[in-house]
Amino acid sequence: MDLILVNLIDGLVTGLLLFMLSAGLTLIFSMMGVLNFAHASFYMLGAYFAFQISLALGFWMGLLLAPLIVGVLGAGVERYGLRRVHQYGHVPELIFTFGLALLIEELVQFIWGKNQMPYAAPEILQFTAFSIAGNSIPAYKIFMIFISVAIFIGLLWVLTRTRVGMIIQAALTYPKTVEALGHNVPLIFMGVFGVGTALAGVAGVIAGPVLGTFPGMAFVLGSIVFVTIVIGGLGSLWGALVASLMIGWITTFSKAYNLRMEDLLTTLGFTKPEAIADSPWRDLWSITSPQIADILPYILMVLILIFRPYGLFGKRGV
Amino acid sequence: MSDQITTDPTKPAQRMRAGSMVLPLTPWLIAAVALLILPFIFTNNSAITIMNQMAITIIFALAYNMLLGQGGMLSFGHAVYAGVGGFACMHIINATDFFANLPLPLLPIFGGLFGMGLATIVGSFSTRKAGTVFAMISLGVGELIAACSVIIVAFFGGEEGISGDRTYGLPFFGVEFLQQIEVYYLIAAWLMISAVLMYLYSRTPMGRMANAVRDNPERAEFLGYSARWVRFYSFVASGFFAGIAGALFAINYEILTEENLNTTQSGIILLVTFLGGVGFFFGPIIGAIVFTLVQTVLSLQTELWAFYLGMIFVATVMFFPGGLAGLIMMHVPAWRLGKLGHLAWPYLKTLGGGLIGCLGAAALIEMIFHLRHASIGDHEMTLFWTTFDSHTVLPWIIAGAVTVIGFAICRATAPAMVEAWNEANAASKVTT
Amino acid sequence: MRTSTTLGLAAALTLTVSAFAASADTIKIAFIDPLSGPFAGTGVNGLHQYEFAAEELVNKQGGVLDGDMFEIVAFDNKISPKESLIQLQVAIDQGIRYIAQGNSSGVASALTEAIEKHNRRNPDDRVLFLNYSAVDPALTNDKCNFWHFRFDANADIKMDALTDVIAGDDSIQKVYIIGQDYSFGKAVSSAAVRFLGEKRPDIEIVGNELHPIGKVKDFTPYSRKIVAAEADAIITGNWGADMLGLGKSVLENGYEGPIFTYYAAADGITAAFGETGEGSLRLVAEGQINPPANDRAAAYYEAFKAKYPDGNISQARITNVIEMLAKAINEAGTATDVVPVAYALAGMEHENMWGGKVMMREIDHQLIQDVHIHAHTGNDVTFDYDNSGFGIKVEETVTMAAADSATTCEMDRP
Amino acid sequence: MTAALELAALKKSFGKTEIIRGVGLSIGQGERHAIIGPNGAGKSTLFNLITGRFPQTEGTIRLHGQDLAGKAPFEINRMGLSRSFQITNIFPKMTVFENVRCSLLWSMGYRYNFWSMVGRSRALTEGADAILEQINLTARRDLPAGVLSYAEQRALEIGITIAGGADVIMLDEPTAGMSHSETDYIVDLIRTVTVGKTLVMVEHDMGVVFGLADQISVLVYGEIIATGTPEAVRANPRVQEAYLGTALEDH
């Protein structure tokens, strides 16, 4: 029972972190129709910038400045790259962000080298917040939850309670009309792209110390972010939240409990072959849930796309 | 464009010729001859290995372009069809008792069939929609199968993969495929066969309708064709040729591993195809040649090859969405007018300047990299066959100056080049 | 294929091929390892160790034979088996006879098979495979061949030594085994179960699991299980980001016992663990860095640090590769015919610079050497890793580990 | 003789809004039938229901007596119904000739054929060229369709629509957005290419409607309020009131 609670907290942290990435991505997608492949790369840039800043000015300045820099960079990418490619259609846009992801990874290696950076949580947060049955919950995790929730509430507030939010929501569905009403849609696009990437930057800043700051960090997270927003339904902020938490908990729980395929198959009435070592099905029998935990989201996504192509909360088809 | 209109369309005979898609034989003959004599020019084994790799990539990229260029379907997991075809062939090679009488040169057919089989299964649900749904399903399925490769050891052999010996069977007309050169001709033959078949496929009703569905699926539905089935058949056909590429990989390297299936491989083939140009049949061929050279040859010269490749790729998407093939085909009107020669000198000035600038910039990048990452005391670096001390000012001044001068020339002569370009193409409008 | 591109290809190929005009009096060793991509850090550091060893231990001593010099030629295999095979072909074409590789057992097994086939098919330009780091036991068992020599202790030997130490510690009652889901992770796990069962049947294995390699973002759920299982010790074969992620996560989440590892040092990992790892991390490896075994080793390490201040000697065995190869070439009297060189290497005994003796076992070409259990610590380390103030220090030593262990190797000798 | 197209009690709702509220209509073989009505009357929705783009909520649609319920657009097309679109809907990257040839493929029996070369078929080439002649685009034959002028693209679309040999042709505002001379040109074109076929069209331009149609139905707020010859409809007071009234409000 205690372990369930601990796993719920861990899954929540993973899920919220994923949400910070998927929130920006889903906003960008629903507005511009671009699946930004480089989104996780901005997350990585956030972590690296924050590390570099933290060397000089400390962790908190990193938390403040790095997302800003990432956001400005993101806006620049939209303004000088994506907008240009936009005229060629969606496929080149997607391919552009794909190339950008490659380039950013190479750039990071060029500047910071290939090793993991010693980027650590600030001293003030390096203590155990509380323990549940011998499992300590580090204060930093509580801090991560706090930041993500604050960002979610802030985002929701901006989108539903402010004029800018109204315009953005309108531009999501009727970009032409909004443009006709005299709003500078390209500027809104640039802004949303900047904010979206800045959110990814925040995620990078706070995830860097826990998940490691290394050149492969974007690749590890890259496609799972798409999976999240596809499951949640493209363009839906709530969908992104629900899907992020779902993925967070599914992966956490399937890692935390050793469910074995053997048990499942036996329950279903199959009998384990005698000579299991020579059976072509031996690998099927030996699968355990931690082994496949990280591919469960992909299975989920494919199933959702087959049976409900617009995702859990999506209003229109992808 | 001009001379197409000047064909007199009122004469049926001429119409027939203009409209018919008779296989233009000359390029294919040139290609075949080139494939035949290339090993006599590059005799060493490593060149042949690189050419084998190139040929395999070409087949794979052409197969991929059946989806992306002709069918408008963006796949992020196409490597699995090539990979599974290759794995299946490796199992056939290893099952010597059973397949001892199967001559090696016929093996790619089986690779193709396995790739096609998997594509049939996946395509049955992934091709219902195009666009993002298709792309995301392809990504999901790609990740799943790649992940399976380390879980299902019986088939995929875990991270070590599975290997075999291609000389398993009886000699095929006295050829045992011991030497690279023999394998080269086998692959070259399959390259010709596959390329011709894929070209012909694009000329069949299915190939034409794939284009139609790409451009406008809704309209195609009102022509009696189910967009979904058109996509499905394109997907299956593409899976077949991808499987052939996988089988040739198995024959050439005698090993298949997880890297034949993973998303990196799928991403590379997307990159190759787009770099070459999706709009033309021969685009992926150019892409595959350039990419293989960059990957195997440039990577011998510099650690930063992937960085340069990323820059080339992003620049291509931004400035030449038609890829290298698009760039070449831009010159067809001028060539038809016989004015291509007029462009040579302006090109030489501007692009030459640009090239010098790029080399200078590359030199600067290399020097920064050396300064930052080389060992202390290791001040010597070799660049463009010159060895110098990267910690002195002079090389920096030279490289900087070369960069600035190169780009300055490029910039100064650019208007002249644009003018020359317009002039070379403008005449065509006068004749129409 | 258009003619213009064919011409371009011609130009490019001639360019590269001519760039490698071989000079006569050097003996080239092809170093085929990742120099770009995520594992480039390890690869580049290995390359530096090779270059330094060749320079210090051979070239400055006057070379081999009649003054022939060693030269290390680097090839980037991007840790891909396919690229490795291409680079192997390029290396062979350049007339290189010695292939050194270490990172990834997958690449090593691709290479050893390819080399075996190449040597069978091309008896005129055979090559030797000097494996300095790939530790999959299969390479000197089922997959062994005459051309392959392993200079690192394999996973079984290391586990043998490791379990000796665990067996001697009565406070360890419960062990948790966790590893990456691939051949090496599985090899570590099965060896651990086997040796613990033999040496300390009373130890309970409270967990034995595999996780996807390189894909786990957050190790917290695994740490929870380990803590919940009340393990006294963890055994893991993880490396790279997986090692760091797992280690930091278990320590953060309340685990306090020892973590027995294979690869928890250098390449940024020592620095990243820093203070956190003190007292917990144990590492099984050959090569005694701290305290320095003798003055020669200390001087060698200092000279290396002077040349590569950011580098680490994390693969001490590389000096054995170079010294033993030089000795074998001298003994064989030729560097071009690798068969006598291989015969000279097989069975060779050698004084290890890092202390003790080593012996290349003839039966399976596995180097038998001292295996140490190191502790990750910041106290009295003469040579730290990653310039972090932390390093590894020998705690216990198993002399000539597993010298008479069994092997299934049956090699054909020419 | 069964009617070419027969609609009975057809209804369509989007959410709670009912757009088509019980339409019954019978269009005979060879008839030229125009559906007119003010903006928002549901003309395009009706079109999309008939051609299988949307499923109907209630009612039946019969083509030559066969029920179309649950049929996909391509199946309806194979049963002999072809349509054009309000917004130009061609294959912009393919040549004009290719556009027409593609529309011939199914009816010439090629289906999902991947073993014969389209270029080798004399029948295909000549058929496509004949249609190009008909729609006067022979001179544009090898240009990408996307570069044609607007009127030419509309003509091409009509060419694509008729090429498949369907006997029921549905045109959705074929002259929308055209100048007078262009409109006249297209009207002539439609008249010649649909000889002997059943024509159903939605149109705003009354000149076009009265010039082309034998029968006119007036659709207002999802219901047909009148059907008859142009003269009869013109004289119908309800039409006068409902249609002209709203039409005046519009402008």
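By written order: A, B, C and D. Residues from 1 in each chain.
Here is the rule we go by: a contact is a pair of C-beta atoms (placed from the backbone, for glycine too) under 8 Å apart; a residue touches a chain by one contact, two chains touch by 3 or more.
As the structure is a prediction and not an experimental result, all values here were calculated from the model.
S.K.: Would you kindly count the fewest steps from subunit A to subunit D, each step being a jump to a chain that touches the current one?
M.R.: Graph distance in the chain contact network comes out at 2.
S.K.: With subunit B gone and nothing shifted, sort the other chains into their touching clusters.
M.R.: Minus subunit B, contact groups: A, C | D.
S.K.: Return the chain whose centre of C-alpha atoms lies at maximal distance from the corresponding centre of subunit A.
M.R.: Centre of mass proxy via C-alpha means gives D as farthest from subunit A.
S.K.: What is the distance in Å between the mean C-alpha positions of subunit B and subunit D?
M.R.: Whole-Å distance between the two chain centres: 43.
S.K.: State, to the nearest whole Å, the distance from the C-alpha centre of subunit A to the C-alpha centre of subunit C.
M.R.: So the centroids are 35 Å from each other.
S.K.: So, what's the distance in Å between the C-alpha centres of subunit B and subunit A?
M.R.: Going by mean C-alpha positions, subunit A sits 32 Å from subunit B.
S.K.: Provide the C-alpha centroid distance between subunit C and subunit D, rounded to the nearest whole angstrom.
M.R.: 73
S.K.: Tell me, which residues of subunit B touch at least two other chains?
M.R.: Residues 147, 151, 304, 306.
S.K.: Please list all residues of subunit A that touch 2 or more other chains.
M.R.: 109, 113, 291-292, 294-295
S.K.: Spell out the part of subunit C that touches subunit A in their complex, as residue ranges.
M.R.: So the residues of subunit C touching subunit A come out as 37-41, 44, 181, 209-212, 214-218, 220-222, 224-225, 227-228, 230, 241, 244-245, 248, 252-254, 267-269, 271-272, 274, 386, 388.
S.K.: Applying the document's contact rule, which stretches of subunit D touch subunit B when the two form their complex?
M.R.: Residue list for subunit D touching subunit B: 51, 53, 72-74, 77-78, 82-83, 85, 89-94, 97-98, 101-103, 105-107, 110-120, 122, 125-126, 128-129, 138-139, 141-143, 160-161, 164.
S.K.: What residues on subunit B touch subunit C, complex-wise?
M.R.: Where subunit B meets subunit C, its residues are 27, 30-31, 34-35, 38, 41-42, 44-47, 49-50, 53, 147, 150-151, 158-161, 163, 165, 178-180, 249, 253-255, 257, 259-260, 282, 285-286, 289-290, 293, 295-297, 299-301, 303-306, 375-378.
S.K.: Of all residues in subunit C, which touch subunit B in the complex?
M.R.: Residues 1-3, 5-6, 8-10, 12-13, 15-17, 19, 35-37, 40, 48, 75-76, 78, 80-83, 85-86, 89-90, 92-94, 105-106, 109-110, 113-114, 117, 121, 136, 181-183, 212-213, 215, 306-311.
S.K.: How about subunit A: which of its residues touch subunit C in the complex?
M.R.: Those in contact with subunit C are residues 3, 6-7, 10, 13-14, 109, 113-118, 128, 131, 133-136, 138, 210-212, 214-216, 220-221, 224, 251-253, 255-256, 258, 288, 290-295.
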